[in-house]
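Look at the two complexes coming up: chain A is in both, with chain B in one and chain C in the other.
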Partner chain A sequence: MNTLVVDQVSKIYGEGDQQVKALDQVSLEVASDELLLLMGPSGSGKTTLLTISGALLRPTDGSIQVGGSELTKLDDKELSKFRNDKIGFVFQAVNLIPFLTARENLLVVRSLGGGKVDAGAKKRAEELLDELGLGSKGDNLPSQLSGGQQQRVAIGRALMNEPAMLLIDEPTSALDSELGRQVMELIRDEVKNRDIAGIVVTHDERVLDFGDRIVEMVDGKIT
Partner chain B sequence: MFIALREIRRAAGRFSLLIGAVALLVLLLLFFQAVAGSLTLGLTGGTEQSSSDIWVYDARARNNPAVSVLPVGVANAVTEVEGVAVAGPIGLSVFVATFEGAEVEVVILGGDPGGPAGPVEISQGDRPTAPNEAIFSVASLAGEGFELGDQIELAGQAITIVGVADDAAFNVLPTFYVAFETYAAAVTDRAGSQFEVPASIIGVQVDDGADPNVVTSAIETQVSGVTALTRPDAVNALPGVGTITQSFNILYLLLYIVVTIVTGVFFLILTVQKAQSLVLLRAIGAPKLDVIKPVLIEVIFVVGAGSLVGSVVAWGLLRLSRDVFGAQLGASTITVSVGAVVILGLLASVGALRRVLAIDPLGATRKGGIQV
Partner chain C sequence: MNLAIKELRRTPGRFLPVTSAMTLLVVLLTVLGGFLDGLELSQTGSYRAHEGKSWAFSAPSELQVRRSVIDANTRAELTDSEGVIAVGQLSQVTTTAGTEEAGLDADALRDVVFLGYELATGVLPEPPVEGVVVDQALSDLLAIDIGDDLLIGPNAEPLEITAFVNDVSQGSPTVWASTESWRAVLGVMATDLPPEGASQVLIIEADSSGVLAPAGVQIADTDEVIGALATVQQQSSTFSGIIGVTFVVTLIVVALFFALLTLERILQYAVLKAIGANTRDLLKTLVTQAAAISTVAVVVGIALSFIFIAFLPPDLPLRIEPYRLVVIAIGTLVTALLGSLFTFRRINRIDPAEAIG
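This part shows the complex of A and B:
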C-alpha cells in the first residue's frame, strides 16, 4: 500500500521572467515500509519535493496524497496539524531546540496543538531514547551531545507522534562514514519496524545500499 | 507552558536580570508615588478633610488661602446667601511656636473647630471646647513629634492638644486647629499691636440637599469682592499642588516608558535569538498559537515577578523608613501601578509577537540560516 502518492506535481517559484521551475510534473509513489533515497545535484528539486511531500510547501500544480489525505485541499492550519500528526521530519540544519533536553525535545512534539505531555508520552519518549541508544542521555541538552547523538535525538523526535511518513534531509552530511552508516541503519530499521514510508535526501554515495529504491532528480524531473 | 517554563528554567540568569530591572523600575515608581502622595497630602490634606463644602476667598487672592484677607463680617454676608447653612471665618497662617524648649514651625488654623473650620473627622480625643485647646494634625512627611496631651506655647498662650485628626495638615507642617480668638491673639502678638484680625477665608457648609456648585455661584453673585470654590476645586487651586503633580506625572511617564522599552527590547532580542527553535516548531506542526503562547507566558511571568518583587521591596523600605520619612503606599496605588506595568509589558511584546507570527516554517529546510 502506498503511503505517499505524488501525481504530476509542479512547483514554480517567482513570477514573469524571474520564474524558476523547481519541480516539473513529478510523479512518485512510496509504499509503507519502503525507504526511498532521493539523489541529485544541488538545485535539482530534491528538497522542494521533500517539503511538498511533507505538507510544508504547496505545489503550483498536481496532487499529493499522504495516507489517503489530499494535501492540496488542506488550509494552513490543517497542514500544521497534518505535519504534527502524520509527518516525521529530520531537517539538515535545524533539528533540536537548544534549551530543551533530549527527552524534552521528544516530548515537546506531544505538547503541540493543545496536546498533553502525559505518562503515555513520557513512556514513549523513554522507549524511543532507549531504542536509539540514548537511554542515559535523556537529561542532556543538545550542546552536551555529539553530532551523531543529536541526529539520533532528531530521529526520535520525528518518530514521537508515530508518523505515517519519515522525511529526512541529508542525515549523514555532517557525520563521518561510520557514524553515517550507523544513522542510516537506524533509519532503515525504524522504517521497516514501524511499517512507515521513508524518504531520505542524500548526496552521500556511501549509504546508497540502505535504500530500497533510489530515485534521481535532475532539473526538477525524476530521471 | 511546556516550552516557556523550560526556557525560563534554562535561562534563569537572563530572566532574573530582566525581573530585577522591572523590579527596580516598579520600586522607583511606587516610591515616587508614595513620596508624591505624602507630599501632596501634606499640602492638600487640610483642605480635603475640611468640614467646609465651600471656601470663600478675597477676589484678589487668586484662590490662595495664604494671601487671602477678608473682614470677619463677610461671613455674615455669606450666611445670607440661599443654600448656605453655616458660614464662619477661618484664619490660616504659619507661626513659630515653642515645644519642649525648642522652636518649631506650625500652621495655625483659627475658626470654629466644631463648625466649617474643623476637620471632618478626628481619630483620637475630642474637639476643643476652650480657647487654649487644639486639634492636631501632622503631615506624614514632617514626621510625628506631637501627641495627644502635648502642649505648645504660642504667643504666650499654652495650647494643649485635645484631639488628633489624620491627614488634615496644611503646607506640609504640623497643623493646629484652634478657636479664631486664639489665632487672632497669635496674629496680634506677632504684629506687636492690637487690631481687628481679619479672616483668611470664609468656610461654608451648605444646606442639606443644596448643590455646592450652585451655592458657589450664588455667593460670588451676591457678595462683592469674593471668589468661591467648592472643596474639590479648592484642593486643586492650592498653590504648588499642580506643579508637584505635574512633575511627578512626568517621572511616572518616564518610568512607564522605560519599563515598556526594556521589556519590549528584551523579548525582541530573545525572539531573534531563538528564531531557529521557533522555525523548527512551526515546521514540525506547531500552530501559531503554540509559538505565541510561550512569549506571552514569559512576558507575564517577567513583569509579574518584577512587579511583585518591586512592590514588596518598596513596601518594606517605606515601612522601615516610616518614622523618618512617613510616606506610605496604598493597596490601590500598588494595584493600579502593577496593572499598568503588566499591560505595558504585554503591549511591549507586540514587536516580538509580530516577529513570531512572521516565521516561515519552510526556513527549517534552508541550510544558510533562518529568516524571521
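This part shows the complex of A and C:
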C-alpha cells in the first residue's frame, strides 16, 4: 500500500522574471515501510519535493495524497492538524526549540493543536529518547547537546506522534561518517519497525546502502 | 506543557527590557494617580464628611455653596417633608486662623475655611456649644492641641478646640463651629453672610425614598455637589488626560516590543507551525506572555511606587487609593494584551515552510 502518492506535481517560486521552476511534473510513490533516498545536485528541487510532501507547502499544480487524503483539498487549519498527526519532519537545519529540554522538544508535539501531554505521551518520549541513545540527555537544553545528539532529538520529535510518513532533509551532512551511519541505521529501524514511509534527502554516498530505493533529481525532474 | 511560561523562565533576558519599561510606566501611573486622588480628596473632605446626605441649594446657585441662600421658611417646609429625618444648616466662609503663641502677623496666620453646621455625620461630631471642631490638617500647620484657643477671623475671636477630625480639608484646612458661634464670630465683619435665620445650604438626612425639592430649591447628593466643583473638575480632567497618555505610551511600548520579539522568533514560530501548532496555540503563547509580563510589571511597579513615595516630601497631596491600584492593574493588563495582539497578524502569516531553511 502506498502511503505517499505524488502525481504530476509542479512548483513555481516567484513571479514574472523572477520565476523559478523548482519541480516540473514530478510523480513518485512511496510505500509504507519503504525508505527512499532522494539524491541530486544542489538546487535540483529535493527540499521542495520534501516540503510539499510534508504539507508545508502547496504545489503550483498536481496532486498529493498521503494515506489516502488529498492534501491540495485541505485548508490551512486542516493542514496544520494533518502535519501534527501524520507527518514527522526533520529539517535540514535541526531547529529544535532552544528553550526546551530534549524531552520537552518531544513532548511539545503532543501539546500543540489542542493536545494534552498525558502519561502516554511521557512514556513515549522516554522510549524514544532511550531508542535514540539519549536516555541520559532528556533534561539537557539543545545548547548542551552535540550536533549529532540534536539531530537525534529532532528525529525523536518527528516520531513522537507516530506519523504515517517520516521526511528527513540531509540528516548526515553535518555529521562525521560514523555518526552519519548511526543516524541512518536508526532511521531505517524506525521505518521498518513502525511501518512508516520514509524519504531521506542526502548527498552522502556513504549511506546509500541504507535505502530500499534511490531516486535522482535533476532540474526539478526525477531521472 | 506551557511553552510561553517555559520561554519566560528560561530566557528571561529577552523579556527584561519590556518588563522594565512597563514597570516604570506603572510607577508613573501610580504616582500620577496618587496626585490626582490626593488633590481631589484634599479639596473635597468637607463635602465627603456629608456622604450619604442630601444637599439643598437655592436653584440659581448651580450647586455652589457660597452662591446659595436657603431661608427659614424653606427649611421649615423641608423639615416637614415626607421621608425627611433631620435637616441642618451649613454655611462657610474663607478666613484666617492663628494662635496666641504664633502671634497675629500675616505670615503666622493660616487660611482656613470656617463652617457653621448643625448636623453630626459619620465624620463630624455634634457641633460644640462653644468652641470649634478642627481639621487635623491644621495641626500640621499650627502648634495646636485640644483645649487650646484658636483665634479665628479678622478680629481673632478665640474659640476653644474641642476635637480634631481627619480628612475634612477643602483646599485649606477647615474649622467647624455651631451655626450660632459661626455667626457670632463673623457677624461683625460679614456683609455677605446669609441673613439671620437663613443659611447657604441645608444638609438633609432622609430615608431611602428621597427628598422632593420645594419650588426654587435644588436637591443634590454629595457626589453631584463634588462634581460641580470647578477646581476638582479641572484637575481631574488634566490628570486623567496625562494618565490616558501614559496608557497609550504603554500600548506603544508593548506593541513595539512584541513586534521586535516576533522578528527574532520567526524561525521558532515557523518550526512550531511546521510541527502542528495552530492559531490558538500561538495566540495562547502571546497572551500568556503579555499577561505574565504585565503582572510582574504591576506588582513590582506598585511596590516601587510605595518606596518612591516614601522619599517624597510628606506635605505633597498624594494619596494611594485601593480602587486606583485596581484600575491601574486592570488597565495595564488590558493594554498589554492589546499591544501584543498587534503582532498576532504577523505571527499568523508566518509560513511554516520558513522552518526548512
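We adopt the following convention: the second predicted complex is superposed on the first by the 222 of 223 C-alpha atoms of A that agree within 3 Å, B and C clash if a C-alpha of one lies under 4 Å from a C-alpha of the other, contacts with A are read in each partner's own complex, and residues count from 1 in each chain.
Assume a contact is a pair of C-beta atoms (placed from the backbone, for glycine too) under 8 Å apart; a residue touches a chain by one contact, two chains touch by 3 or more.
Because the structure is a prediction, the values reported are computed rather than measured.
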Joint occupancy of chain A by chain B and chain C, clash or fit: clash
Partner chain(s) touched by A:Glu104 [first = chain B, second = chain C, both, neither]: both
Partner chain in contact with A:Val218 - chain B first, chain C second, else both or neither: neither
Which of chain B and chain C A:Val117 touches, first, second, both or neither: both
Partner chain in contact with A:Lys81 - chain B first, chain C second, else both or neither: both
First, second, both or neither for A:Val20, with chain B first and chain C second: neither
Those residues of chain A which chain B touches in one complex and chain C touches in the other: 47, 51, 56-57, 77, 80-81, 83-85, 89, 91-93, 95, 97-100, 104, 107-109, 111-113, 117, 141, 157, 169
In the complex, chain B residues that touch chain A: 1-3, 6-7, 10-11, 274, 276-277, 279-287, 290, 361-367, 369-370
Sites on chain C touched by chain A in the complex: 1, 3, 6-7, 10-11, 267-268, 271-281, 352-353, 355-357
Of chain A, residues touching chain C in the complex: 47, 51, 54, 56-57, 77, 80-81, 83-85, 89, 91-93, 95, 97-100, 104, 107-114, 117, 141, 157, 161, 169
Residues of chain A that touch chain B when the two form their complex: 47, 50-51, 56-57, 77, 80-85, 87, 89, 91-100, 104, 107-109, 111-113, 117, 141, 157-158, 169
